[in-house]
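Given below, in the form of structure tokens, are the structures.
What follows is a pair of complexes built around chain A, which joins chain B in one and chain C in the other.
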Partner chain A sequence: MFYIHNTVCISPQISFPDTDLDQLIICKDNKLYAKEVSYTDIPPAILRRMGKAVRLGVAASNPLFKLYDKLDGIIIGTSNGGMEDCIKFLNQIMHYEEGVLTPTNFVQSTPNAIASQLGFLSKNKGYNITHVHRGFAFENALLDAAMLLVSYPDNNYLLGGLDEISTYNFNIDYLCGYVKKETISNDDLYSGTTDGSIAGEGVAMFMVNNNSDGAVSKFRALQMLHTTDEKKLLTAFKTFLSNNLPQNETIDLFLSGENGDARYTKFYESAESILNKDTAAARFKHMSGEFRTASAFALWISNYIIKNQHIPPHMLKNAVKIKDINNIVIYNNYQGFQHSFMLLSKN
Partner chain B sequence: MGTQELKQDLKEKIIEFLNLIDVKPEDIKDDQPLFGEGLGLDSIDSIELIVLLDRFYGIKIKDPKEGRKILVDINTMVGFIEKNRTL
Partner chain C sequence: MIKVFVTGLGIITSLGDSLESNREALKAGRCGIGKLYNFSTKYSESLLFGEIKLSNNHLKDFLNVKDLGVSRTSLLALHAFNQATADAGLTDKDFSSEDTALILANTVGGMCLTDELYQDSNQHDIGSENISSYDCGSVGVFLQARFGIAGIVNTINTACSSSANAVMYGCRLIKQGYAKKVIIGGTDSLAKFTINGFNSLHILSPGLCAPFDNNRNGLNLGEGAAFLVLEAEQDIADKKIYAEVKGYANANDAFHPSTLSENGDGPFLAMEEALKNAALNPSDIDFINTHGTGTENNDEVESKAMIRIFSNNLPAFASTKSNVGHTLGASGAVEAVYCILNLMHQEIYPSLNFKEPMADPGLIPNLLYHKKTIKNVMSNSFGFGGNCSSLIFSKV
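Right after this comes the complex of A and B.
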């Protein structure tokens, strides 16, 4: 589909500007907050109006803008955008009875505020779009990039996925049972048998194009599926692999979006059931937490693993030792009904 | 509330309302221009300041020309607040 070159990820782990993923950052309150970074590249007058999602998105994109003279578009996946500011604005409407309202919270809180700020700051007047399809927000951004690169094969695109934890969405997710009632540590995420996960946030940005020269990896396939039936999921996964992975190739690593929610383990076990004994299995949600664009973090860490040929030990689910990591399959699901498969290969 | 107390209160509110990162009340001089080269505020901030006056001091500014005379610096704002506040 396309090649992935440079990437930046700002996450709850040590991922930017330095990267040390072997050391797991621990959270003990069911919230994995992305670590704020230095914002020296953002003019202070603009920075002070930015919500967390916007400033993280800009901070992660700035280093990539500097590497590319020619950028043809900005494609962002974010389900919620700057939800914290959005709720501030909505609360103002209630509190002041639809009277005089301040514009900044509203202007900065729409999901497309991130891509538009990136366009303004990089002076990029090209394609600029934001995909907001809940648990498929990043997947739709990926699909968009892939289709654009068919139509415009010489183009470069900035592709990204991000979301923030807001008080509002955390409380709603908690009340709906998507966050664990009991407080756990993220290094203990997979051992429980209760419903719910831990909340997370982060941003992952990718420079993508059709040029294999210097690329780290090749993004080969993507499939999205809506189902609550693990049998349908299994059938779709088998079809995905048979359609996209040649018979002479193997999956070296299966990266699972398992999130500690007992209700959804069956989907991951179903997908894992068809892997052969030589496939390593790893998980990432204890690093990122659960959020609607967590698959962007999964793609970023897969790219990291391919580039470094190293899997942080705390990610591994089984004891399979692999020499070369050439093919990684990512399977993620959001709330048990939005499933996605991705195939990434070493360039 | 005395004039000095009001100035301190207004500076604190401006910093909080406009999210002026790394600015403290003592950094804002009473006669320092709020816009342009002074505190560096812009047109969106002027709307925020008008909302601030309404919410915290009960002052409604409907005429933009009036706003330009009031939102010059802390002295002009405090002078206007002292004469017109309803809260």
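Right after this comes the complex of A and C.
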């Protein structure tokens, strides 16, 4: 589909500007907050108005803008965008009984505020879009980029996925039963037998194009599936692999979106059941937490693993040792009904 | 290159709950904007709204919705979805085909339940029935589950240009083989949240909006939903065809979060690229359904951008926001349906409330209903964040 070049990820782990993923940062209160970074690149007057999601999105994109003279568009997947601002504006409406309100929170609360700030700050007048379809927000951004690069093969696009933990997200997700009732440590995420996961947030930005020169990896295939039936999931996973992975190639690493929610383990077990014994299996949500665009973190860390030919030991689920990491298959699902498969290969 | 045709239409606005009622109202120059009826806000008396005068309970009964927590945004969408898919003759078999995609656009989602959201997001006890219906994705999740849609499902939010981008995304899915049929829809309902948001920006008119008028003083918020069924040329067989989606483009103004740049680079680029995408010249456009919100900034900038594209040969143009208000995430789809009415019936509808041209550039919208030969229609949608998109529909 396309090649991935430079990337930036701001996550709860040590991922930017330095990267040390072997060390696992431990979370409190079932919330894995992204580590804020230095925002020296953003004018202070603009920074002050930015909510966290916008701030993180801009901080992750600025280093990439500097690397490319020609940028043809900005494609963002975010389920909720800047929800902290949304709730702030909502609280203003209630507290001031719809009186005289300041528009900043309203303007920053719209999910397209991130892509539009990026367009504004990089003076980019090209394609600019925000996909917001819950657990498929980032997947649709990926598909959008892939389609654009078929129509405009010489273009460069900034592709990203992000969401933030806000009062809104957390309380709503908690009330929906997406977050565990008991407090757990993220290094113990997969051993529980209860419902719910831990909340997470983060941003991953990718420069993508059709040029293999200097690229780290090749994004080869994407599939989305709606189902609540693990048998259908298994059939779809088999079809995905037979359609996209030539017979003389193997999956070196299976990256699973397991999130410690006992209700959804069956899907991951089902997909894993068809892997052969030479495939390593690893997990990432103890690093990122669960959020609707967590698959962007999964793609980022897969790219990192390919680039460094190294899997942080705490990610590994089995003891399979692999020499060369060429092909990574990512399987993620959101709340057991929005499933996605991705295939990423070493360039 | 695969051509993409429109084979089904569905619409509900303050002008009516069907294609025919909307057309009759447009022909007669009727306005659906008035006092708020369905819920109360501090601005119920002082502002006017393009509200659909059907209560949620009425819509639920009529649409046979028994599930809890279905927002008004989703109910309006369901109504237009039902019409459009029946119009195109889509069956359960089509819905469950992996070749049928559903692309939604909205900006409000379930936030029309502003008070309920406030309760749910500020507590840690028991959630209301609406707990999973607040986000923009909730509409698409609801329709996907209700009809078992098996193809690609997406929701786009680029503010007021959202559903224009949904049409564009849908066409691209068909052209690149990711779908054979795409159901696209824009929907938004009136909400205390958006009323207060737009009010805080001082761009709501206390009276009826007057697009392109010298004394215009803001927009009226509206609500509605419009759906279109898009199909690939080779799969249509002998179905009726409303129009071809001839061209589209998305560009960014890269200027300011809530105002357009003086020369309208974003609007200019959206129109220019859409023409290029359609392989048409400016002189091929017979009519423009403008974004035309009635705000000081939009109408002036849009006028300038249109002059940059069309110079002295500006085609007839109008703003249907003077009929239904600004339906935000639905507006691109609502106006796409109106453009198709223009093409189908070879007629154009009057822009309302215009009295006096602006000093500069002084453009005059179409003010009378009349028959007109129309081959290609352009529809503009510009949103906050500089998100500008233009679509071109052509007679088949």
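Here, the second predicted complex is superposed on the first by the 347 of 347 C-alpha atoms of A that agree within 3 Å, B and C clash if a C-alpha of one lies under 4 Å from a C-alpha of the other, contacts with A are read in each partner's own complex, and residues count from 1 in each chain.
Operating definition for what follows: a residue touches a chain if its C-beta (ideal position, glycine included) is under 8 Å from a C-beta of that chain, and two chains touch if they have at least 3 such contacts.
Note that this is a predicted model, so its numbers are computed, not measured.
Once chain A of one complex is fitted onto chain A of the other, the partner contacts of A:Ile87 are limited to chain C, with no touch recorded for chain B. Contacts of A:Leu234 after superposition on the shared chain: neither chain B nor chain C is touched. Judged by the touch definition given at the top, the superposed model places A:Ile14 against neither chain B nor chain C.
In the superposition on chain A, A:Ala45 makes contact with chain B only, while chain C stays out of contact range.
Greater residue coverage of chain A by touch, when chain B is weighed against chain C, goes to C.
Of the two partner chains placed by the overlay, chain B and chain C both lie in contact with A:Thr102. Contacts of A:Cys176 after superposition: chain C is touched, whereas chain B is not reached.
Counting contacts by the rule stated earlier, residues 99-103, 107 of chain A appear in both its interface with chain B and its interface with chain C. Taken in their complex, chain B has these residues touching chain A: 17-22, 40, 42, 44, 47-48, 50-51, 54-55, 60.
Contact residues on chain A toward chain C in their complex (touch as defined above): 74, 79-81, 86-87, 89-94, 97-103, 106-113, 115-117, 119-120, 122-134, 136-137, 140, 143-144, 147, 150-151, 167-168, 171-172, 174-176, 224, 226.
Residue ranges on chain C touching chain A, taken from their complex, read 41-43, 104, 107, 111, 114-115, 117-118, 120-127, 131-132, 134-137, 140-141, 144-145, 149-150, 152-159, 165, 169, 172-173, 176, 178, 192-193, 196-197, 199-201, 250-258, 265-266, 269, 383-387.
Of all the residues in chain A, the ones that touch chain B in their complex are 44-45, 47-49, 96, 99-104, 107.
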